[in-house]
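Structures are listed in the sections that come next.
One chain, subunit A, appears in both complexes that follow, with subunit B as partner in the first and subunit C in the second.
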Partner chain A sequence: MSGPPPIAESLVVLENVSRFYGEVLGVNRVTLSIPPGITSLVGPNGSGKTTLMNLMTGLVRPTRGKVRVLGITPAEPEKLFRLLGYSTQFDSYPKGLTGYQFLYSFLRLFGMGHSECDQLAWKAIERVNMREAANRKVAAYSKGMRQRIKLAQAIAHDPRVLVLDEPLNGLDPLVRAETIALFREFAAQGRHVIVSSHILHEVDMISDQVILLSNGYVVAEGKIQSVRSEIREHPMQVLIRCNRPGALASKVFEQDHVVEAKVHADGGGVLIKTRDADRFYRMLNQIALNGIEIESVAPADDNVNSVYEYLIGGEESTK
Partner chain B sequence: MAVYKRTYKGYAGALTAAWSRFLILPRYSYARLFQSKFLIMFLMACFFYPLGCAGFIYLSHNLSFLKTFNIQAGRLLDIDARFFVAFCTVQGALAYLLTALVGPSLVSPDLANNALPLYFCRPFSRAEYVAGKMSVLLFLLSLITWIPGLILFVIQASLAGWEWTTANLWIAGSIFVGLAVWIMVLSLIALAMSAWVKWKIAAGALIMGVFFAGAGFGAAINAVMRTKSGTLIDLTQVIATVWSKLFRFDPTTGISVTDAWISLGVTCAICLWLLARRVRAFEVVK
Partner chain C sequence: MMPLLNIKQSWAQIRAVIRLEMRKTFFAKRGLWVYALALGPVALYLVHSIDMLRDRDRPQALAAAHPASTETLHSITRGMTRDEVVAALGEPYTPPEVFHRRSHERAVYRYTDGEADYSFTFFDDELVGIGRRERCNLTQDSLIFATVFQFYFLRLAIFFGCVGIFMNLFRGEMVDKSLHFYLLAPMRREVLLLGKYLAGLIATVVIFTTSTALQLWTMSLHFDARVIDDYLRGPGWSHVAGYMGVTALACLGYGSVFLAAGLLFRNPIIPAAIALVWESANLFLPAALKKISVIFYLQSLCPVVAPPGKDMPPPLALLISAAEPTPAVVAVTGLLVVTLVVLLMASMQARKLEINYGAE
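Now for the complex of A and B:
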């Protein structure tokens, strides 16, 4: 039985990658190691998300640096593209084809035979719940259907790495939930699902890790919580629900690491800003022993939105 | 980091030969093209002249027909190099019109629909994409040019006998080479124009314009500069020069055969350069 693959062969690696379009910066000095799971690229328009995706998929060669997808470089397209499934941000399909023809003909480009392509095309169509519309022309599809058929073409050849540019745009809530479930299923099988998005709460909900981009630079990467904990200059916010919020506020404010304690608008809790989360949580144990009944403790700003705001500040904001 | 079960297993079945994958592209192109009744009618019209030529060849060898109409053998038009040059000229002109009809629908819809990244995120190169798209034109143009040309030659050879065939076998080669070069040039121009103009009608007009503008500017240069060099940008004159040489006549266009070949080579190179600039997986947004 063969052992697990070497670590580099299970990562999408970018080493000091820069890409310029003439004098226009795409991305600059990007170094990333993306493990399996759902990874979100977050950033405003023009931050370099699509360029980064094009670099990962080998569609754009870096001006400097190296890209390796599961140990394979873009110089080996025959191997690389069998591992990769890509869905572009824009409506992207040849004119005049039905949903089925679209999937079937693009599977044929992988060199598979007729019966395999037919089988895989229908399987992918089923996975995105498009069977009834499969024989209609793609041009007549709604925005949501076009998103789903694009996703189907990306997953049809059963890739190990899925790179999806804004895949949830235009989907209704039900289909959105189904699509997220599909991403999770792929991730649970040890595959990479790399998505770009500017809808931050969605990213927060689905991602194992995030990569935050601004003006072509990676400004932070990792799990949302670890990225948040690295931003020392911004106090961490914690919402504590308890029976005596006023008493709790006055107690915690005595601590030097607490910079703000504010009774919540509904009067049922306190919003506390602290510079030292570890000391704060130790102190909270003491308080709990001193007669204040604590119902819940929840971080209030370890989501992508807050992290992004802290990192990018007033320079720019996501849509 | 989360621990994942590695349950994924990729496709491990047989694969088709890599060289043959470009043939996937014409699959739906033909289906789409033949939805146009006008195109079907035009394509049928392209066979009228070859059919007329076939009838003429047959009748010119039919003694009873000649006797009926009291025509002496040899008084009808000779079936020789001039006959086949006339065939190439007529069918070459029809090939040009067919190119203007078919060419714009090849690359421009893919560009307009942002479909190129889809092709190139598969084990499929830009050269294979161009070959695939070009094969649509090459097949259709071959169908109305050198294929009927060679059929006519075979008909003539079978009726005229072995002596005529051995003495004129070079004509078959000239038909093939002359028309193959022409359809190659037409296809490259059509693809290049289709890749640069996303709007089909404008791309069609541009394909026509390349020839008309070339002829117009060429004539203007010749008149103003008192030279014949302007003819080098008139592709109809250039190909006529090449055909003259292939069919063993003296060219009457005023340019040398070498210059004509160079002109065709430069045209093809420019088209390939234009295609290389446009057929790629991404658009640079500045």
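Now for the complex of A and C:
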């Protein structure tokens, strides 16, 4: 009797995963359990999205921690890539191949015969609407066409997990809509579609869940609505340099949006955590009028601050 | 049943890798110099043969115009005067070459019996030197071939040809940023490594054994069919097979070394230089270390031992002399063992392979 697979075998799991490139941080202490559906990895350039995807697919190995995709470790590519398709960020292809040859040769690497590969290659080409360009050299494709042929490569063997690095980059609105429909179709079949983007509004409408990355850390994860509130509720930390830190600390602590106020170790300023940046800055103007000389105001928590700014920017632009 | 299925599938994957690599290894623009390395000696032998063919009838014509029998030529001894030599042999076939220095005179008289050229050098009318230069013969040319084969073809042409082809199998794709294409397929890294190695091996074996065959053919082009027949009835075919076999084994051995080097090093010059020094220093190494080299086995397998020339500088003479003869079975087995060990090490490295094009 075969029941449903164990939970771990239906998830993409990262346990305390870190990856350093020499002294440079790729991702740090990432722990995630990604269920089926569309999951978006969002963050600015250099936030660790691609590293995370490369870790899931074994193109890079973790410095620490464990990765499992539906119960399979990326150290077993012969098993992993039978159920995972990855469209990488790399925009380079084996030389001299047409779109069809690119897919066909890739499928031959699975050990399948000619007719099966031929059939699967054309099926994938049809799915990304590339039939007319299939016999042209990939080198002559536009950016959008190269994106689509990469997507075709990722879906050609009908994988259960799709990992797509910035798949909507360079696509015109019509193709973008078709591609999103394809993601939804995959997700509706109970598969994983893991998509990265540096533009939140590009993916938040289609995502079942969002993982927010900044400087190699996961700063928020979950359903898109809860991530937004998490960001709003996440206290922002600010360091204020002034002539009377003690007075300033007691003054600001009276405000309900201030979570914490403590005098800095060097005695020359106050570290303040607030849940409402706008109210905090308005309050600061009043304090300055009350005889406390403020020398400088600087965010003390760059990660969250930048992501906050980033998200708000994305949100604004969708309105 | 499962292992059988796995083997069948792995073999299908290896063939898929070979199919993809073939075009790159044979027709890559950056690999054209490998053909130049391989065909260089062919061009030299061809020029030599054409020269010999053009000159083939000249000695007989000269001998007919200026007859001098072999016996008479052999009867000429040092101390004779010019008049005595001319009286015995007649006038030389070409005007004497005369040189003056201070009050002395030096003259060279040339004769031929149709088989060999003789030169008689007179110093102030006294015969002081007799030179004899035979026409090209197959034995002599075979020795020249053996020297070129061991000194140039094995140690430089195949060596650097393998650097060019095998190091590019992984490193070239890292530079082109297309290696991930392979790593996204459900294929063990060892299978990928084996597929790429076999692709490189097919390319190098085809290029270099063709070159060896062409070298042997062009070398023998100017000899009479009778001479060639005699040679082939004697040791000829075994020499041909021997040279082709050694060429293929050289590709096998050096191929494994440079495939592994392509996984370990970013710059091909470093491992190539290290391997070249190691292979060249083979003669000076202790017995145990000698066996960890490709040239040690290859030299033992060469069908003709290249003699160090009289005028050859000692370091070069040392390079082409065989370290110590090793039985063929031992040499072939040793080379296969070295190749296998290197491939095993390379496959361990391939398992750790990561895509980090930014660092290239």
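As a convention for this text, the second predicted complex is superposed on the first by the 227 of 319 C-alpha atoms of A that agree within 3 Å, B and C clash if a C-alpha of one lies under 4 Å from a C-alpha of the other, contacts with A are read in each partner's own complex, and residues count from 1 in each chain.
In this text, a contact is a pair of C-beta atoms (placed from the backbone, for glycine too) under 8 Å apart; a residue touches a chain by one contact, two chains touch by 3 or more.
Note that the structure is a prediction, hence the values are computed from the model and not measured.
Student: Answer with clash or fit: subunit B and subunit C placed together on subunit A by superposition.
Tutor: Clash.
Student: In the overlaid three-chain picture, which partner chain does A:R136 touch, first (subunit B) or second (subunit C), both, or neither?
Tutor: Neither partner.
Student: Touching A:G37 in the superposition: subunit B (first), subunit C (second), both, neither?
Tutor: first
Student: Quick check for you: in the superposed arrangement, does A:R241 touch first (subunit B), second (subunit C), both or neither?
Tutor: Touch partners of A:R241: none, neither subunit B nor subunit C.
Student: Is A:R61 touching anything from subunit B or subunit C once the two structures are fitted on A? First, second, both or neither.
Tutor: The second partner, subunit C, only.
Student: Using the superposition described at the top, determine whether subunit B or subunit C touches more residues of subunit A.
Tutor: B
Student: Using the superposition on chain A described above, determine whether A:E116 touches subunit B (first), subunit C (second), both, or neither.
Tutor: It touches subunit B, and subunit C stays clear.
Student: Examine A:R191 and indicate which partner it touches, taking first as subunit B and second as subunit C; both and neither are also allowed.
Tutor: In the superposed model, A:R191 contacts subunit B only, not subunit C.
Student: Once the structures are superposed on A, label A:K262 by its partner contacts, choosing first (subunit B), second (subunit C), both or neither.
Tutor: neither
Student: First (subunit B), second (subunit C), both or neither: which does A:R108 touch?
Tutor: both
Student: Given the superposition on chain A, at which of 59-67, 113-121 or 149-157 does subunit C overlap subunit B?
Tutor: Residues of subunit C that run into subunit B: 149-157.
Student: Using the superposition on A, tell me which residues of subunit A are in contact with subunit B and, in the other complex, with subunit C.
Tutor: 21, 54, 57-60, 77-78, 81-82, 86, 88, 90, 92-96, 105-106, 108-113, 153.
Student: Considering the complex alone, what residue numbers of subunit B touch subunit A?
Tutor: So the residues of subunit B in touch with subunit A come to 1-2, 4-8, 10-11, 13-18, 21, 24, 27-28, 32, 109-110, 112-115, 117-125, 281-282, 284, 286.
Student: Using the touch definition from the top, list the residues of subunit A that touch subunit C in their complex.
Tutor: Checking each residue of subunit A against subunit C gives 21, 54, 57-61, 75, 77-82, 85-86, 88, 90, 92-96, 105-106, 108-113, 153.
Student: Taking the complex as given, what residues does subunit C use to touch subunit A?
Tutor: Checking each residue of subunit C against subunit A gives 8-10, 12-13, 16-17, 19-20, 23-24, 176-178, 180-189, 191, 351-352, 354-357, 359.
Student: Would you tell me which residues of subunit A are touching subunit B in their complex?
Tutor: Against subunit B, subunit A makes touches at 4, 21-22, 24, 35-37, 54, 57-60, 77-78, 81-84, 86, 88, 90-97, 101, 105-106, 108-113, 116, 120, 153, 157-160, 187-191, 208.
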